[in-house]
Amino acid sequence: MYEIISSVKRDYIADLARQEKRADARALDQYREVSVETGLIKSAQGSALVKIGNTQVLAGVKLERVEPFPDTPNSGVLMVNAELRPLASPTFEAGPPDENSIELARVVDRGIRESESIDLDKLGITPGKEVWAVYIDLHVLDYDGNLIDAASLAAIAALWNVKKPQVEGWTLDEFPVLKKPVAVTVVKIGEKLMVDPSLDEENVMDARLTISTLEDGSICAMQKGGVWCLTVEEIKAAYGLARAKAAELREHLK
Amino acid sequence: MEKPEKLIVDGKRLDGRGPEELRPLKIQAGALKRADGSAYVELGANKVLAAVYGPRELHPRHMQQPDTAVLRCRYNMAPFSVEERKRPGPDRRSVEISKVIREALEPVVFTKLYPRSGIDVFVEVLQADAGTRTAGITAAAVALADAGVPMRDLVSAVAVGKVDDTIVLDLTKEEDQFGTTDMPVAMLPRKRVITLLQMDGSFIEEEFERALALAMKGCEQIYEAQKQALKARYSIKPEEG
Amino acid sequence: MYEIISSVKRDYIADLARQEKRADARALDQYREVSVETGLIKSAQGSALVKIGNTQVLAGVKLERVEPFPDTPNSGVLMVNAELRPLASPTFEAGPPDENSIELARVVDRGIRESESIDLDKLGITPGKEVWAVYIDLHVLDYDGNLIDAASLAAIAALWNVKKPQVEGWTLDEFPVLKKPVAVTVVKIGEKLMVDPSLDEENVMDARLTISTLEDGSICAMQKGGVWCLTVEEIKAAYGLARAKAAELREHLK
Amino acid sequence: MEKPEKLIVDGKRLDGRGPEELRPLKIQAGALKRADGSAYVELGANKVLAAVYGPRELHPRHMQQPDTAVLRCRYNMAPFSVEERKRPGPDRRSVEISKVIREALEPVVFTKLYPRSGIDVFVEVLQADAGTRTAGITAAAVALADAGVPMRDLVSAVAVGKVDDTIVLDLTKEEDQFGTTDMPVAMLPRKRVITLLQMDGSFIEEEFERALALAMKGCEQIYEAQKQALKARYSIKPEEG
Amino acid sequence: MEKPEKLIVDGKRLDGRGPEELRPLKIQAGALKRADGSAYVELGANKVLAAVYGPRELHPRHMQQPDTAVLRCRYNMAPFSVEERKRPGPDRRSVEISKVIREALEPVVFTKLYPRSGIDVFVEVLQADAGTRTAGITAAAVALADAGVPMRDLVSAVAVGKVDDTIVLDLTKEEDQFGTTDMPVAMLPRKRVITLLQMDGSFIEEEFERALALAMKGCEQIYEAQKQALKARYSIKPEEG
Amino acid sequence: MYEIISSVKRDYIADLARQEKRADARALDQYREVSVETGLIKSAQGSALVKIGNTQVLAGVKLERVEPFPDTPNSGVLMVNAELRPLASPTFEAGPPDENSIELARVVDRGIRESESIDLDKLGITPGKEVWAVYIDLHVLDYDGNLIDAASLAAIAALWNVKKPQVEGWTLDEFPVLKKPVAVTVVKIGEKLMVDPSLDEENVMDARLTISTLEDGSICAMQKGGVWCLTVEEIKAAYGLARAKAAELREHLK
């Protein structure tokens, strides 16, 4: 996900950060424009297109009947897959998922799974034989930074869009989605923390910390990234930012 | 999908169209920011994005050609674009379609102007309802123009076929599945020459000739919409500068 | 499938074409010597070795019991696979099928499938459980141009060679092959059309059109290839050639 | 594995430890001959080997960086290291873990000293009982030092979590599976800064802060054992010369 | 295939051969046009093609050796060559066989004459009935000679084994499957040294020595047929010029 | 498995061999120090760590319930897999098994399978439905030559370590391992034969011959390797060495 960036640009962005400024005139704790459109894809049981600035991620939810895992014979199965499509960026290459798309999928997966946002126990069909699989496919269409937040928001919006799915054999009333975990990524450039990194900011960041929180402010998942360190104080500050910003992003899920 | 008794009733198709009518068509040039050029096409329930990168340095190096740019094309269906979830990654169908799309586009691109470089065309199907390869070509041609790649002409594409013994334009998934014949066609609209032609099913000579003529008529309509989309893109100064 | 060819050779072949001549002294509408030998491979239920000039394709048909597809629970399954073996040409590489071998397999497949040359409905065994799969494997042994015609002819000859297959559990009288679709490839070099391109001709061609026809002259499949265009008149002329030549090739299927 | 009724009984964990106690820890530097550096770590029932090759010429060449060495990391579980045999080859989990291990180690390596070269870290899990990624980081840091790679500091790592509402250090597989929360942490022990932080489950603010503090305390103990292992390795002249 | 009660009855094998008899053998040099050299071998129901390309430029470049040609070998079974259709692509068996065929051929090729180049040997099994690797070596040696690759000697190969307590030459599939022991052998016929030797099953010392002697006798017969095939190829001027 | 070696080193080792000497002062028929530790891996049903000099191979045996092969519906299944882990040598690369690891696995497999060391007929569970699979995974940890002997010894030691496996549904008394085939690899350098090649010796060898023998001295498997030839006399001498050394190595299996 890291792209080649001229050292001039690197210095410029780092300098701005030192002055608590950003190249696109945002405040350090300010997101770019966020939009969430749901239900665009009729061939999916749920879908959402999330834009954060120029970044665009389309999430589709498909329900299919599958065999359960042997240790949870009457629980549904959650599968999250992310595709960094080469149309989205000159640095994305065709081919099997690389470590960036795998990390993206797994971070989104944990945010949903660990918060128990889907009541998988309701998704059994025939114990030991058949259960519902919930496939969440994250299709990255345009990449200008902060994929984790955009993909996480698209995934949860698509899940809440499923409602009463049009799929053969569905007997429940509503699709059992229960919570709204929201991921907020904070990056550190020099000594400064900021939210919603643009691509240029991601390319110069020292480290990032993604924190997924629920409505009550509790954490359900975290993922540090980047090749530098975070102090304990920075981690605590990031958590504060994550809670505040999650509340804002959650407004788009109404 | 269950087979309907008839696909054409009283001269009308199941979605109300006449035999020679296109589905509603919407083309937007410049749908994406990162790509050098892009376009979004909706044709009926098809939703297709195309993006172009290049001319740019070509990797791996051993693919570089000393006297020409290499045009590469990749057609892909999103897992959620079809009824039954499609496993990610290329399958045999998408490899073949990528090849015929490339061959459909190549005649219009002045590849000789950019030796050693590569031009990449990506077609992403977000929602599919038959005719995605032709919609992809239509979108890709606009995306190439949007990227400023020098071109001899546009390429316009549409499928025709035979359904309940009638030659029809622009088949839906239902018509494709339960009809007799499907024939995707791409045309250079100004020169009126064919760059894509595939066919499955059954045509006698007279049917084939009528179908080909109908396809070319359909391509003309597509062409008008392509031109409009490019005009709309460049008449309005984009806000983002 | 396209090979490096010196520009001298290219000009020579194009010049000849302008004069309606070919390097091997054939007429534009003339095939090289064609031969079809069937039944060479005892481990296959049907087989055929087709030679067109120096090009050699060996097709083998294997019947196996498989699960049906869910939407056709009592119909047999047709699978066509083509291998451009590296022994056949210095330009064929070992490894998974590339776009040329995939296109070859799919064009042969459509010629057979769309003409309903096999009565797949007769190939059910236990509804929803077991049906016959018909595997057609196209093994390219020597490559001197015009693979599509050679492979198509080998496939249909191998199918007609199956007859009463020696395979456990076979209960039908005869293998239900019904028709003889024949593919003819016409290439355009400059302004001229010609059939059965040699390798050198393929390397300089502007476009090709393969048309598969049945005994009654109707078309069951088409595939345009190559990076240049065809006019409507050229397409119609190619169809005429395809019908005439298919009748000749079909003689080898008797 | 069946879920036990309680994971903590009378303040003691099922294996007899207190909440803030590490499992028995053994670190050996220089466990392998061919590798440039290596280490073996046992932490409870975990058995983990790490090996380092480099700095060495980096292949493929296009990965070379003109101004820095490239650190690469590969985490792998032996097929017999877990209850149900693991199919050989990388899976999604090991790809992600390889990435976070690399990012946990990179801050301590003076990569700029070796432009165009590569430093490879291999972590092999021979027997797994939760906490293999942190044990792997612990082993890898010792292996890097054993290889003589110039480093700012070591990296020490351990997981903490929440089990039956108690914050505990160094979870077993049972505690990981049936507990509420798992949080692996890696720290530069001298600078006391964090280079790995992942979390799954549920923490309120106060729990999170206590857990983080406990993790850092655990890392200090790990650090002492790492230093001892390196001392033991270099105080005794190896027989093999 | 069902197990027959006896594989040898009254000193005769099920196909009527004596224990030390080869199956009918046919070798044709120059079976293919595009390859630099080729050969076709039928041995009983085995049908095997070999083709040689090179010495030629070796790709990828990093495989080039400054002081020698690299001999590469690929053994492949056609999907229809065996009872149950073989999935296309290399499996573990064919990877191993490719390796031992290469090692069986390498001693006769003057690889040092062609530094930096590659010589590729392709063996295709069209119909299999036990002994395909040895038939492949036999064919490949003729194909190398047909390609004009400078060689010290030919390589001749055949399998021997133990069936119903009898040492036999050139096992059929039935004898291989239901017999006790299979031992493929390749020999340089003039130097009488061994370049391939594999064995599965059970031999006591005396059996092994008799089997090895029988294999070498079999190789001599193969060698005569190889020489005949090469003579036939070069005595007749090929029509094609 | 063959590594770059300077021609100086090559000449030195070849010269020594001519004098019947070795760089580490061993006799030609002498192994390096051999050790076998069993039962180290609790997550495996059987395990063994074999060291021959600096070479280390860890073998783990796992038992799992699988479907039988159709032609042996009531027999267990044996699977041997070898991984030349990149931590073991700078010449081992990550990725799918290459020809060296495949050859290693298959040679170990044949030594066990062809000697009928495991009574697979006892490993049926439900005829045609379920049988025990015996997975032997060979994990190469440190590579200083002679992997075949080390891996073969580790495999058979791990099998004898299984005893009464702790695995759900096991009903037999003992794991049915019957024999102790032992592989001995003899290499030829110039005119000389020697056992247990070090890595440097492997790199200069002309040929190798691995012979697996049983307690009674009979051969159960052989594999020649290397790009040069062996005379009949050399093969016979190698067999003599293999029998003598197998008896020594078998002592470690007690």
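Think of it as A, B, C, D, E and F in the order they're written, each chain with its own count starting at 1.
Criterion: a residue touches a chain if its C-beta (ideal position, glycine included) is under 8 Å from a C-beta of that chain, and two chains touch if they have at least 3 such contacts.
Since this is a predicted model, take the numbers as computed values, not measurements.
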| item | value |
| --- | --- |
| Reference interface E-F: repeating pair among C-E, D-F or A-D with over half of contacts shared | A-D |
| Of all other chains, the one whose Cα centre sits farthest from subunit A | E |
| Length of the line joining the C-alpha centres of subunit B and subunit E, rounded to whole Å | 51 |
| Computed distance of Cα centres, subunit B from subunit A, in Å | 32 |
| Residues of subunit B whose C-beta touches two or more other chains | none |
| Shared-contact residues (touching 2 or more other chains) in subunit F | 97 |
| Pairwise touch network: line, ring, star, complete, or other | ring |
| Ring order of chains, beginning at subunit B and proceeding to subunit C | B, C, E, F, D, A |
| Contacting residues of subunit A [partner subunit D, same complex] | 97, 99, 102-103, 105-106, 110, 113-115, 209, 216-232, 235-236, 239 |
| Residues on subunit C engaged by subunit E in the complex (per definition of touch) | 40-44, 47, 54, 56, 58, 60-62, 64, 81, 83, 85-90, 94, 96-97, 135, 137, 139, 141-144 |
| Interfacial residue positions of subunit B with respect to subunit A in the complex | 32-35, 38, 45, 47, 49-51, 53, 56, 74, 76, 78-85, 88-90, 120, 122, 124, 126-128 |
| Residues of subunit D defined as touching subunit A within the complex | 92-93, 95-96, 98-100, 102-103, 106-107, 183, 188, 191-205, 208-209, 212, 216 |
